Structure formats: structure tokens, C-alpha cells
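Here it is, the structure, as C-alpha cells.
Chains here go by letter, A, B, C, D and E, matching the order in which they are written, and residues are numbered from 1 within each.
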């Protein structure tokens, strides 16, 4: 919209700072990448340096299930990686979508309507965020298994992920919805839109930045969550993080393979972030109202 | 097309009382213009009518049916918001057609209506733009267009032309007048523009501080304001008010004040002569009642300060005693500022107000 | 601000899916958990089989030195990381709130740390903190400096987990602040520029106050999450050396899975819950009170005039 | 053919991610080939596996037909009645293989991992019975750098005194090199390292009446040994877990290594080790007695399993002499004495001979296997970590552990039968 | 108080060219009024001047110094935004005092200034409210107040009074006029209000489609518009345009068209008589030039359609042949619609435009 900083442009200090920050932020990840391209013997040696012969061995190990050839250095190949990947994609995507839809509706209700029990709902929602998953694990497993009978299904995992992420989404979106000029909703209502139409056609598109940010975190949690996933998934519905953590042994930490898998595991959420963060744009409500 | 009745409608925002109990009737297919000083509660009244604000008390009836609890949607109302409230994420075409799309109107009909209204508003070349890419006046026209495409029973306009140029405004005024005459809708129109109020309104309602001061036809308000407030509010330039004493003697009435003495004739003169002799009043003198031609009425001496050129007319800012007096005269007459000159006053157009209550006598 | 004249059921309709999901999937288990804190329950038992022990678990905790220690470690940790991350994250958001080419890529780079699985992050940092082959000590040595006992000294270990947490979670603040920043009304910003506010003052007087609703919630959520970080610390230090990095979440998790004392773990997490609730309520009350006071002042001013 | 009735059955087994079980995976197809019984393996990180099993076993109908369990799970599962008593299976003529040589199974392992219900509840005895068979078990062993020892003319230590002396001598001889790589990270690593020394030095955690005696002179000696080892160990060993300690040895940063045999497999893997061919093995040195650790995994049949009989057949097959050999060749830990002597095995893994010797002295009671051990172990581990990093006085530290342990035991009801209460 | 020069300033938003090269000079301490149809680029011009929009080409000079790269802050400018742009999180007092606080003005001085300006704008009772709690007009006044408290070198006003009632607007106008006369600042003022433009402007700049049509004093523009566009734009009601043929003969000039024939006298008549005889032109006839008194000028027969009552004046909507003609007359005269009547035209006020180029002859 408006011209920032005019022709001057940011100064060199800005770029210096930016580079420093990038190094700090991405440094460990670059290191991870480098590590993933080394063999263990090199990784743990005192002398290893930045210059080394990269090897794809670790990636082959991590992906052996999905390769068309059988890498010879791999002794035993976990045949479930491909399946886990599909599970992860489904679980993360579905739960993200559900969380966002359900969450922003609830947030909208809490922001725009005054009704009995509003504060209670709002606080209770936040409270559920405060419980560490470690203690929920056993009750959740018990309830899912003995009462709902949805243990071991993707549904079951999705349900708990949606629930886990809801408080976050509800709370964070509330603060974005507050900022949508209420006049727009009034205009929509005058135009004959019901509450749901007002919400989906007018409010939702305007909180895109908030939605995108919330989506990034929701997806991240659903993608990386391990504890509950491990408890609730059976062999067929297991997700990638569960698979990966389960292939870590204490006996010999195979740094290279772990880093390789870590890198691979990070790819989908990074793509998701990349796509979603494009939605974080300025001026969503520009030109809407005057005042 | 319902008859709308406000029955003791009250509205307060927290401690701020905006509408003390308000009674108002809007007749079937009437074009009502709401005027009043900024902040007097015009928008609030519209918004209450639309169902966007809850009532703090009282009730509104549509054809006798209370609608206090109805959603805006159920009231069949179209509204132009004072602050536009355009959907920033939709382009202009979609902004205008939103209500129609919700109502399930067919594509072709939507297209047809939007194009027609957009043409009318001179925004047909902007249909693909987003509101942020429009000028202020263009946005206002979109807001207007959004209401005009609709086929509602009641139309509410909240200063819909304030940001348009005179020419376009005249065009829109004509359009609205036509709409008023051809289709059979209730319209409530808020404006600060005297010309709009006078030309469009079947009835003008003058509000002040949430209270209705007077309602009636434009002529009624101009010629027979009930009190000083209305008299001062209707008419531009505004009426001059001069303190003075009213004297009646032998059936003739005159007002004497600081630097002037004017007979009061015409209908007012007759009426006032009935009232007690010798009384402190405020004299109302319209700028248009003052004529450079002394022979056109009773003489008054005015000290000319400035002449404001308005085109065909000029406004003379003058002083009569210590009071500022405006006079509207044809620009053809030239006056030197600083001079004192005698003007003629149309004495049958004078108005007399009670000094304390402000009521017109 | 809120909407007038809506069907009374509408708010509940909007809320229903969330409430149902939360009730079914979280509140119910939480109910169990609260009940469990009065039981002597090990995870090999179904809940019905556990023995009711009244307040014994709580009594035990109140006397337990390790719990107390870990309680304070947690509070220290949470406060430090939230404050630092807020500063860094918001600062970064301001830095990147401009139109540059490749901004999406840049943003994604800064979000990267969050996207790596926590376990892997933990391992990575453990590797970087490695006394001899870790990058930090290696760099220090090559500069001729003394190596730092990153994880083998209580204070350093605490600092180490703080650093790792900041690295991983600053993006959370960053991305939310950025989203908030980009949602701000641009017209107010223009007015401020005309009024002579540039740089810091624009940020301080206009942007920050306008972002405040988002920032408060972000800080609150981050605070809650900071009380729950687990995996990274588990992998990096497992709470050590001694109890120096044994934050509550870790202790709870270990109590539940390693010691198999679900009752005690539940009691612990209830105490944590209580603490967090109090914090939240205090914050709530504070905003409500200030709002009310502002309204009162305004009303008085109105009457006077 | 005993397998015939079960042909086509698919068994679901739960194994840890562990080098031994990686080796098992290579041998397993053979079982399917021989018997027609399909096996689906669910491999999990061992702590996760334990968590998962804990939950899984409470179900009415479990997913798993056969599980490998960590030794300290024995206490929980058996107590909760979640593991099948193996007696009925060994009594069943259709299932039990008459040639199954039970005598050959390593005694210490069986006692430690398989049997419960006897002495102290977790050990064999007249009232005990068998709930699992050791599989993927391990003991402790001393690895040392032959080259270094030869270069300086050092003797392989046989006693603790010698070993401790050497541990501190080596850094002087080879600057920059640690003496003995030990784990010491806060928590169960430190505790494990301590226990490793406690048994040979004559100590125990509890006396026969469950009184904590960890703070006895022997306990102090063990802690001092640990302190010495860590002090003379490679840089930063206070934070080493098993993997880092091992890595330090494999990188050639340390001259000795004293820990689980499971580690031996990596020493000669060039992808992991820089000391290929330079390492020799010796039994765990003796203190006042010999007492190497016992631990690792056993396999058992959950009571909520679906195909218990077939599971038993698999279990029997896996621990049979032939399979044991095959697994050992593939890199697993043998469960049988005979395997340690088998020429075909020794050809590939010569060090197993020493291991076999060491196993004679495996101590099944080097640490208690009782349900409350988890919290005692953690307390012990953190306290020892404080000793190592914060200079806490050893006696004081262990007294504290003993005191807290007593309270825990009291709570858990262990003193119900002792007089004074 | 700098002299501001626009030198070939261009501005386009993507493909939309808003300002084709624009040259404009704003003299030291001059009050310039910018008028033009909605969407013609007035706000854009102001925003470019303020430094809120980048230039697509050209340069702006303050006293000869190029300022294209300067921040708004460095230009020493105060501005009233068309859409107010109030700070939603600050109360009114803080909104108004923000610039002063930034400038480090002392508390007491701020207090003093804010109170004074707020009083002037009738918003002194609202100082503690947030913008969201104000009416539209009140918000506009705050926007106005925010600029007025400042002591900048250049003031930019973008339709600052559009949402105020006539009375308040008159008051503000007076205030602005006083500001103009007493303090020595550049002021640029955008408005659609003819009265404001005429009374306030030292100079009026008429824009259309980003191009300047004419600039000059109010009287100049009203009396001597360069073309049909300006003539039609200045003056309300707008000028009537009638097609016709210009004839000159023997030094006298007349226009003949559908249903009328009028002599052209006065200065225009003389000038036009020099131009070729017999020519297609457009006749410009101001509504105020038509008088009910036939003797006041040349006779013209008009078919009366409607009379719009405006108070003292009425606007007669009439037809002359097929063309609509507006006439502004005193309301005292009453006319029946549907009748044909003869009016008098002030022939010295007629204007003649070239039919094709629109230029005034």
C-alpha cells in the first residue's frame, strides 16, 4: 500500500543483523544437514571438519523402505516408513483443518457474542491447554480403548490432536477476530447473511494472517507429536515421528541417520509453513471502513 | 413498505445516554430525512432500526408488530453505512452483489443489476478493484450501490453522498428522488446537506441530543420552525439571531435591539401582537431577508466586515451593534468592507423567539 | 464490541463443535486425572482397580524436596524463556515487517527451528553441547579459549536448555507477532508518520499497543507451553546434572512412566494446573479491573461535562 | 509337525529397537519358511516399548502375541498377572520340544529375567516359576585398547584396584586420552554405572529384610570408584550416556570401556569405529567378588495374547540352540552357554569366548527388580550426578538416598512384616 | 511555509495511471483548494505531497529542495485524512496530542492546545473516549483537531468537513479562514463543497482525471472558466448547457438553439463577435442568470417541470426544447409545474463554449 522508507531502503546494518540472525537460526539446522551427510565415525571424531565427503547413506537408511533399490549397507529395513508417512500426512492435514474450522468458530463466538457461561468456557478452554500430556496419556488411552473403542485408529489420533490444538487456536484467533472491524459484520447482516455466512464469508477471509499462523503451529504439533501418538496408534496407524523415535536406540545413537530422518521429517511442515506464511500479508482490512 | 413506529425507544452506551425516550413514526412509503447536529443520534437511530443495536428500552413496531428481537436479516432492510463498511476482500462487483448472491438471485440478474447501478454511480470501470484501490468518493459510491441493487422494504441511508462532488451529488439526488417517486419503499435518509434534505424529504425530522425538535415538510420547517434551534439549523447560511425587545402598540409590532429597530409585519406580526407588550425576545433574521435595496423593506444599518464570494451569491459578514449578521446577496453588488450601509429587511420574514425557552412566538 | 440482535442459540452453535471435542477428548480425561490424584495407581492397572488414598499424594509432594526444587527450576525457566523469547520474537517480527524480495523464504528460515521434531532438536543440541566434539567447545578451543562445561555443570546446563528453548520457540512468538503486525490498520500507521512518529516511536506508540491483544495471548500461551516443555530437555540433560534442569513437566512425565506412579504424577500436574490457573486468573482479573476503572473514569468525566 | 495347526497364522510380536533384535530380524524369515507361521514385528525404542506394553497389556484383547520385555518390567507384568506362566506350555506335549536344552540357557540370565516368585519375589526359589526366557540379554565386560596396553606394557586389570589405578594412569601416559569410559549422566545412567561397581565391590541396595544398605562402606567404595573413573575419564564424561561413553571409546579417546556386551558389535564396524581391530575383551574385574551385571531383554507371552500356543512355538524356536547360533552370527547376544563356544560363531565373533567365561559370574541380583525401583533408581542417579558435578559428599549423599529409599519402601508396604511397626 | 513545486509528478498504481505528469505550484502561505470530481486524484496528490506515496516519476521541491526521498516527518506537514485514520487505541485527547507529545512539547502546553482546539470543535466533552465510541462527525472533528493542534509548515486537509452539519461547518470555515489570515502557512484543502472552496481558497485548482483544468481565484473560475468542464464544475446548481448556433452580425451576437434565441451581450458578446460568424457552440447559462422577471433580461420560454424548494431559494427544473434547464429563483415566486412561462436571462452572464473542444470562446 504505502511506500515504506521511500527510496532510501534498509541500511547495511539491517543486512548485517539479518545475516547474523539467519546464522543463529539456521546454523544448527545447517549443522544438522551436514551431520546427516556424514557417517557416524566422522561425526563423533574430534578432527572432523566442515570439509568432508558427503554421503547419502543416512538418507538411504532412513528411506530404505521407499527406495526402488536396496542399499547394501542397510542390514534391516523398516518396512513401515511409507505407511507411516501416509498416516502422518492424513492425520496432520485432517486434524489441522478440523482444528482450524472448529477453533475459529469457537473463537468467533467468544469474541462477538455475550452469552451465559462465556467466561467459563473461555477459561476452561485455556485450562485444558495446561495439562501435561504425560499424565493424560494413561486416561486417554483407557478412555479411547475401553469406552470409545477408537484406539489404534487414525480417527482416535485425530480426535486427540484436534482437542490438544483447539485451545491454542481458539485463544490466538480470538485476538485476531477482535481486530476485524465489526462494521463489516454489520454490513453482512444487513445484506442478509446469517451468522454462519457472516462468519465464513466475511470474517474468515479477513483473519487470514492469524489463521495462517495458527495453521502453521497446529500442523507442526500434529505432525511432530509423539507421546499420545505412540500410545494410541497401532502398527497400522502409526505416524512418522512415532516410527522414528522408535527406531532410535540408546545403544548406539546413529547421529547421521537421526539427523537425516529429522531433516526428512521436517520437510512437510516446512513446505506447509512456506505455503501458509504467504497468507501472512498486510492490509487485509484496508479500505473497509473509515474512522 | 411497513409503517414503522418507534415507541419510547431508549438507547444508552454505558453511562452515555444517546437516545432519551424517542417517539417517531415513519409512514408507509415515505421518504424521511433525519437531520441534526453531528453526534445527536441520527446514526444510532438508523442502527437501532436496522437491528444492529439493542434497545435499552422501548420497542419498535413494523406495521404494529414488535421487532425488537428480530435479526437485521428478518427486517428486510438495506442500509448505506456512514463509514461504508465495504468487504475489503471482495472486489467491487462482489461487494455490490453480496446480498443478491446470498438471496440466491440468478447470475444473470445479478450481473444486470450490478452493471446498471454501477453505471449510474460511475463506477462501472472499477468493478474488478478491491475497496482499498478506490478513492474515498468511489468507496462511498460502492456503499451506495450495495444498497441500491437490493430490493428491500426499507432503505436506510446514512450520509450517503457526503464525499461526492456537487455534480455527482446532484445526479444522485435526482436518482434518489426518482426512486422515491417510482418505487414504493420506506426510506430514511440522514444528511447534513441542506439541499438534499430540502429536495428529497417528504418529511424532515430535526433531532438534537437524541430528542426530536420538530418534524414536517421542508417548507414547514423553513417557514414555521417551532423553536430557535430548528430555525437556526434549517437554512444556509444560518439564520441571524439578534437579542431585542418586542413592543406592541396600537396593533403594530416592532423589535428594538442593539443598533436596530425593525417592525414585524405579516403573519408573525399579527400573531405576536396578541402576546404581552414589551418582552425580551430573540429576533430571527434570515440572511436572505436582507436586501441591498433599502426600499425592499425596513431599513437596517449594518457594518460590513467581509464579503464572501460564493459565485452568483455572496455572503456579507456584517455587524449590527455587537452581533454578527450574515446577509446573502447577489454577487453583482459590490461592497467595501469597513463601511456602514443601510439595507432593507423583509419584515414579514422575521421570526420572534422567546429569549428563555427558545420557542417561536 | 459485540453484535446485537442475534438468535440466542447462535453463540452456542458456533461453540458446540469445540466444546464437544474438548469435553469428549480432554475434559473427560482431565476429570479422570483429577480423580487419579487421589489414587495410588500404576499404569498396569485399570483405573477402577487403583486404591483410593485420599490426599496422600499431595501430602507426599508437599514434603518432597525434589518436587520443590523442580517447582522453582520450572518457574525460573518459564519466566526467563518467555521474557527473552518475547523480546527476540517481537523484535524479529519488526525487523522482517517490510517488503523485501524473498521475504517468504526468509520467514520460513526463521520458522525452521520449530519445524524440527523436538526429539531431533534435543539430540542436535546435545551434540552441539558435546564436551569435545560439540561445535561450541570446538570453536572455543580453536579460538584458544577454555571449553565450557555446557551440560555438566548445573548453572551451565540450565543456561543451555534456556538457549535451546529460545532457539526453538522464538519463531512461535515471531510468527504470531508478524501476523499481528501485518493485520494492523495501515491508516493509523500513516497518520503516525504524518504526526512525526518514525522508527522506535512508531513501534512503541502505535504498533505495540495495537498488537497488544495478540501479544498478551501469545505470551500467555507460550508461558503455559514453557511449563510443559519436555522432550528437548529430556534428551539433552534428562533433568541433570543433579536436579538443575529437572523441570516439572519432566518430573511429571518421569513419575508417570518411569516411576509408574500415576497418582503422584496427577497430583503434581494438578498443582501445576492450579498455579497456571491462578496466573491466568490474575491476568484476567487485572485486565478486567483496568478496563472497569477506565470505564468508570470515563463515565465520571462524562457526567462532569 | 507341531507347527501344522498354526500354519498361516500371523503372529504379532513386539521387540525393541536393539542390535540383538536387528539380528533377530535377519533370522526370522527362516522361521516362517520352516513353519509357515507368519511373523509381524513391531519394533519400538525400548522405553517406548515399555510404555506401550504397559498400556497394551491392560486391554482385554492385546495386539501382541509375544513380547520382549525389559528386565525391570518383569516386576510389573508378573505382579499384574499380565505374563503367562510358561509351565503349562512346557508341559504340553504338542508344544514343548523335547530337545529344547534348558540347562544350556545362561543361568544368571534366566534367574534375572525369566523367573519370578521365589526369593525376594523377583528371584528364583522354591516358590518361583518361569514367565519368560532371556533373549537379547547382556552382561558387563571390560573392553580395552590392545595397542595402548601393549605400547605401555600394561597388564589387563583383573581387580578393581588395578583397574582404577590404570584408569588414572592412562591419561598421564597418553595425554588427552581418558582412562575408562563410563556413563554418568544424571538419572539412570549414573545409577547404572554405580550398580555396575556395587556388586563386585560386595555391596547391595537392600539387605534381606529390605533395609536400604546402599550407604554402607561398600556403597561408598562403589561411588568412589565411579568418581575416580569419571574423574580420569574423557572430557565431559559427567554428562555421558551410554552412547557417548561408547562413542568416546570408539573414537579412540578412551582406553577402556566397562559396560554392556551389547556394545561389542560396533567395535569392528568401520562406519562407527576408529578402533577396528584394536580392541580386546576381558571379564568384568573382581572386587571382593565377581559380579557382572545381568540385564537386557526376555521374551514372554502376554495373557491377553490371541495366539498363545503359536507364540510359544516361536519363543521356543527363537531360543533354540540353532536359532541362537544363527542370531549370534548375525550379531545378536547369545542366550546359551554353548553358543559362546560354538566354532562357527567364534569364527565370526571371537570375543564371544571371553563373554562366555564372564557369564559364569553373572550376578542376577546386582540390582533389585521391584516395582518401586524406578523412583529409587532415579533418586540414586540424580544424587550420584550431584556427587559427580557438584562435589556432594559421598557418604552424605548415599545416606540421603538410603533415607528416602526407606520412606519409599515404607510407603510401598515392604516393612509391613518387620517387627517394629 | 515553503514554496512547493510539483515537477512532472507522475503516479500510477500498477496499470492504473492516476496522475499523468502533473505540474503544480503552491505558493508560500497560500491557501490552495483542490477540487475535482470524485476519483480524479486529489487525495493522491495530497498523499504524494505528504510523502505517503512514492512517486512514479517527477519530483517535488520544497523551496527548490527536492524532497522525494524525505520521510513525512521531515516534511513538516500536518494532514487531515479523508478516512480520518484515528489511532483506535488512544482516547481523543491522546489522539490529538500525539504529534505534540512526540515533538516533546511540554505537558501544560499540550493540555492548553488540546483543550482549546477541542472546545472549538465541540468535542471537549469527548476527550476521554476512544474513537470507536464516537459518531462519524465527531471522528472527523477529531481528525481535524489532530491537525489543528499542530504547528506544521504545511497543512493538508482532505475533505475535512464533509460529515459535519451546516452550522458547524460554517463555524469551522470561519475558523479556517482566520487561520489562513493570521498564520503564515501553506494550506492545501480538498473539498467538494462549493461554499468552502469559494470562501476559503486564495486559489482554486480544478482537477479532472489527474490533470489540472484550471487554477485561479474563486471569482476567476466562476466568471472566466477556461472550458466547459470547469464552468460546469464550479457553481451550484451547475451551469446549464444548451446546444446552439452562434451568429454574429453587425457587431451584435446571438445564439439560437432548440427553443430559444438569446443575444449575447457584455464582455463575452464583444469577444465572441470577433470570432467567425455562424458556428456550432454550446451555450452556458447559469441557473442564477435566469430571473422570473422577464424585464430583467432577454426572454426565454421554459417549460416548468418541478420546483425544488430549498428554503429562501428554489430550484426550478424546466425544459427548454429537449434540454433540461435549472433555474434558481427566490422561493417567494410560485410556479405551477407543467406550465410554460417566459423568464428573463441576464445576457451578459452567458458563456459560449466550442462544441468540440469545450473551450470557452
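Heads up, the rule we're going with is that a contact is a pair of C-beta atoms (placed from the backbone, for glycine too) under 8 Å apart; a residue touches a chain by one contact, two chains touch by 3 or more.
It should be emphasised that the depicted structure is a prediction, and the values quoted were computed from it without experimental measurement.
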Between chain B and its twin chain E, rotation from the CA superposition, multiple of 5 degrees: 180
Chain whose Cα centroid lies at the greatest distance from that of chain B: D
Centre-of-Cα separation between chain E and chain C, whole angstrom: 58
Chain D and chain E: spacing of chain centres that average the CA atoms, whole Å: 94
Euclidean distance of C-alpha centroids - chain B vs chain E, Å: 21
Interface hub residues of chain C, defined as touching at least two other chains: 1, 3, 6-7, 43, 46, 132-133, 185, 187, 190, 257, 298, 302
Of all residues in chain D, the ones touching two or more other chains: 51, 55, 58, 244, 248, 251, 253
Numbers and ranges of chain B residues touching at least 2 other chains: 16, 51-52, 71-72, 83, 133-134, 136
Chain D partner contacts - residues on chain C that touch it in the complex: 42-46, 60, 66, 130-133, 147, 149-154, 237-243, 246, 254-255, 257-261
Partner chain C, residues of chain A touching it in the complex: 1-2, 4-5, 10, 14, 17-18, 21-22, 24-26, 28-29, 31-32, 35, 43-46, 48, 101-103, 105-106, 108-115, 118, 121, 123-140, 142-143, 146, 159-160, 162-164, 166-168, 170-172, 174-176, 178-179, 182, 185-186, 189, 195-196, 199, 207, 209-210, 212-213, 216-217, 220, 224, 226, 241, 244-245, 248, 253, 255, 258-259, 261-262, 265-266, 269-270, 273-274, 277-278, 280-286
Complex contact set, residues of chain D against chain A: 12, 16-19, 22, 25-26, 40, 42-46, 48-49, 51-52, 55, 58-59, 63, 241-244, 246-248, 250-251, 253, 260, 262-263, 266, 270-274
Partner chain D, residues of chain A touching it in the complex: 39-41, 44-46, 73, 75-76, 78, 137-138, 141-142, 145, 152, 230-231, 234-235, 245-253
Residue ranges of chain E in contact with chain B within the complex: 13, 16, 35-39, 41-44, 82-83, 133-138, 140-141, 158-159, 162-170, 192-195, 198-199, 218-219, 222, 232-238, 286-289, 308-313, 315, 328, 330
